[in-house]
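Right, I'll just put the structure down here and ask away after.
By written order: A, B, C and D. Residues from 1 in each chain.
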Amino acid sequence: MDVGFIGLGQMGAGMAANLVKAGYRVTVFNRTPARAAPLLAAGATAAEKLAEACRGDAVITMVADDDALEAVVLGDAGLLVTLAPGALHVSASTISVALAERLTAAHAAHGQRFVSAPVFGRPEVAAAGKLFIVAAGPQDAVADARPLLDAMGQRTFVLSATPKAANLVKLSGNFLIACVLESLGEAMALVDRGGIDRHEYLELLTSTLFTAPLYKGYGALIADRRFEPAGFTVPLGQKDIRLALAAAEDLKVPLPIANLLRDRFLTVRAHGGDHLDWSAIGAVAARDAGGQ
Amino acid sequence: MDVGFIGLGQMGAGMAANLVKAGYRVTVFNRTPARAAPLLAAGATAAEKLAEACRGDAVITMVADDDALEAVVLGDAGLLVTLAPGALHVSASTISVALAERLTAAHAAHGQRFVSAPVFGRPEVAAAGKLFIVAAGPQDAVADARPLLDAMGQRTFVLSATPKAANLVKLSGNFLIACVLESLGEAMALVDRGGIDRHEYLELLTSTLFTAPLYKGYGALIADRRFEPAGFTVPLGQKDIRLALAAAEDLKVPLPIANLLRDRFLTVRAHGGDHLDWSAIGAVAARDAGGQ
Amino acid sequence: MDVGFIGLGQMGAGMAANLVKAGYRVTVFNRTPARAAPLLAAGATAAEKLAEACRGDAVITMVADDDALEAVVLGDAGLLVTLAPGALHVSASTISVALAERLTAAHAAHGQRFVSAPVFGRPEVAAAGKLFIVAAGPQDAVADARPLLDAMGQRTFVLSATPKAANLVKLSGNFLIACVLESLGEAMALVDRGGIDRHEYLELLTSTLFTAPLYKGYGALIADRRFEPAGFTVPLGQKDIRLALAAAEDLKVPLPIANLLRDRFLTVRAHGGDHLDWSAIGAVAARDAGGQ
Amino acid sequence: MDVGFIGLGQMGAGMAANLVKAGYRVTVFNRTPARAAPLLAAGATAAEKLAEACRGDAVITMVADDDALEAVVLGDAGLLVTLAPGALHVSASTISVALAERLTAAHAAHGQRFVSAPVFGRPEVAAAGKLFIVAAGPQDAVADARPLLDAMGQRTFVLSATPKAANLVKLSGNFLIACVLESLGEAMALVDRGGIDRHEYLELLTSTLFTAPLYKGYGALIADRRFEPAGFTVPLGQKDIRLALAAAEDLKVPLPIANLLRDRFLTVRAHGGDHLDWSAIGAVAARDAGGQ
């Protein structure tokens, strides 16, 4: 099977490598061609132009945001005009529910098939092929996408025939992670002011009730105030909360914690924190309490 | 070692039974004497009056709230006047930080020793001797309390020489659990309005990023809207958030999610939900969104 | 002076009439031509096409939202392509700060002049020529717009050379009004539950500390639960809070009350309240408290 | 009529002086006797002990908080044991609804009459006899209190036969004022970041929609960041919001803005602002946005 892969950022590079490893003929495209070198060494083919990555049976996109995906799909010589009828576009990026809906309609109008398949996991998880993937789209399209997804992740959850459902779930998942950041930040601010060591407190929490790796990993970053280097930056975290709020607004769902998270990201950004890991919002509560 | 145990509610009954099982001579007291029957059958001695449970080396209290503990300790013929100098009071109840501070001073003034040792776990966990216990107090007092605590729990965390530190941690822990309830409630309200089945969603969450039993257990209650019978009622949950907010106020720590939780509990209570499990706050977001 | 006027809704009709009354030669355009009848009777000229209203020295636009204004300005045969170089576009609509910025650039690129001049006041105030108007734009452009603005309002505040500043002030003003709605809603929910008559309470408030007409007028609507007919509907109120939040996000300003207002509007809409006056958000606090 | 007046703080001194001016025989008591000097010069009599101020037909109390009033009424040689049967206690302090309820019961049990009559206005208003007074209590008691109240204020609102209703209204009023502080703080943070001068903005607001003196006075303090000297300090403002939240909790009324205000006061206090005017909470939004 010939597969195009567009977007070789920290996540995409690992994902594409796993496709190559699984035996697919992969043609990769990236705006910055140099990023493709390790993949070419591993057996991938380089596309000089976007369209060259769109000649196969399927194209997987893994780009930064709505704007980037719009450019790739709807732009000149984009997927919409280059992909063959019946070909499959698997969108793995974290994008808005609204864009997923527009792409669904646009691909349908061109006789192409579209699956939303956003992923959970950091770059090292993507490299290890251990992502969790949430897929939604027409049954046949998801069935055809499945082997590709299984090559990139440890488990694929198939949700619904409506692509945008997968995007909503992805955004809600990031919202829940950010809730962990904020709640840990508040709890640590409280016990810290009460004279309790944050690290001992975290050890207690994570060896009792909050055993999920999320609490351990992010808890340590917050307890240490170790927000650099960023695994996922503040502006990216803010973007996801913005998209979650936008989806919630369309569905008329008030989300009070998401509002608070929005404000936390704004506060961190207003204080020069664009380069920090998004877990930096977990330090705002302490600052409001006069600490640091 | 002779130990008194005061408070044979759902939690205390199991805790006292584990002390008996561990070979301690336990004298139990409860306002409603009938609750003592199973313990007497297991080998405990009944105290007809509170004072009779206070003649040994240590007394453990496990009562409903601040008022109950104040009555037991500071009331007529309470611990303060009946406990021998040097004897140990181990307070396992979830009480305010302020009361822990007052009891610390009161016991010290009477030459008695005081350890705060609140517990994490539901009644079945207490019965199984699997509680997590957070202890704080003077080193010698905690050392003497340790074997008792180990008999009741799977692990004891020793925190600080200041008893109230343990109470602060306990309250912060319940706050964090309530954050999970609210965040799951919001996320489920969102995906539910987006046409995604809440149970499938929860299965996805808990088999990927949110693997802690808390998310599974409470997530299922919220997805099912199964808030009866209550494991821990709405008014008790509200009480703990109130105590967390009170402690935070004394320490000058703003806790925005705790504020939201406060409002959620009030809303559930204002709508007749006093008999429900505290996870019922996880359904408020959906109602605000026009669902149920 | 020849003036075009585009948008004869509840607000625009009154504003255009005051221009006619002040002696301007006014050419009016509305998507629904019938709305123009009273103006024609008063002496205005009807434009059958948008472009016909753009032949004079200035065009005033008063339309529903960003989309409408974009269509009018940037659409086929819109202001951008029909307005003469040097001609003036006065935008009185409540639009986003971002759109004001785009229109500023677009008009500049076409050698046209642009003034943002949003207005405060309900339809009856517009009809009476008693609006408050906030104007911003290049000094000469504002000077030329001034007589027109003075014909439509009781007072014009000139703010800045940057048009979008006026839009930001307008949005912040509507935000402040919505704060009054919510705060009155909460206070009334509280005293109502405490057995105090809402109307007596409002009389007390507005004859002592809160003497502004806003408190009297909206307070009465909230105390009466009289949200129909709407003077300004819930979706319009929501839109303005959305635009305020968007502007705040760009400027990195957390606005916690605006977040709450956002949720209130969503709750009212989720419960079928699109047709209600935006003061209906003032009843949500009481419903959360188990009242109505 | 012989009247006792207890509490000669900034407010009480002015109020007592107006009673003397109105011709009452006033016996004053203050913990710090020196504060009484100007009143004695004006014709009042000094009580060396609290009980000496309780021998007349009525006693008015104007003290700092719940604790102070409890000491005055329920303490040794307090009003409860010294006031004659049928005598009247008029409580003008801002106290909790719960304490008003307890005092109502306590006085009734001693055959004494009790009226809650909290006041709105700053010290200079009290001195000028221009306070607004909210009174509640049994009809005959309020009727007897009325001339005294009228001597101290420009208008008295009689609310209900239940004294605590007046305290609830007082607390709700201070809550509404604090809402103005916070909403102005947010709006000013927004426009300030947008390049608009805060003072010009305030002038615009208060000459159009927000004409109440509250907006002008507090708006100027916030625009100027002029929080010293304090007319009403941060801890006092915080106390009133705490009491409003406590009353709301008893009545099961969620008050989201009050929660936010609570956090704002905590933030200001955590940053050393105890000496500032409570309007200092109006600067927190700007600081969150990276300003000052």
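The rule we apply is simple: a contact is a pair of C-beta atoms (placed from the backbone, for glycine too) under 8 Å apart; a residue touches a chain by one contact, two chains touch by 3 or more.
Given the structure is predicted, the values throughout are model-derived calculations rather than measurements.
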{"item": "Interface numbering overlap (same over half, different under half) for chain B and chain C", "value": "same"}
{"item": "Chain whose average C-alpha position is farthest from chain A's own", "value": "D"}
{"item": "Separation of mean Cα positions, chain D and chain B [Å, integer]", "value": "38"}
{"item": "Centre-to-centre distance between chain D and chain A (centres being mean Cα positions), rounded to whole Å", "value": "53"}
{"item": "Junction residues of chain C - those touching two or more other chains", "value": "248, 252-256, 260, 263, 266-267, 270, 288-290"}
{"item": "Touch list for chain A against partner chain B, complex", "value": "97, 120, 132, 134, 155, 157, 159-160, 162, 164-165, 168-169, 172-173, 175-177, 179-180, 182-184, 186-187, 189-191, 193-196, 200-201, 204-205, 207-215, 244, 247-248, 251-258, 260, 285, 288-290"}
{"item": "For the chain A and chain D complex, residues of the former touching the latter", "value": "263, 266-267, 270-272, 288-290"}
{"item": "Chain B - residues contacting chain D, complex", "value": "242, 248-249, 252-256, 259-260, 262-264, 266-267, 269-270"}
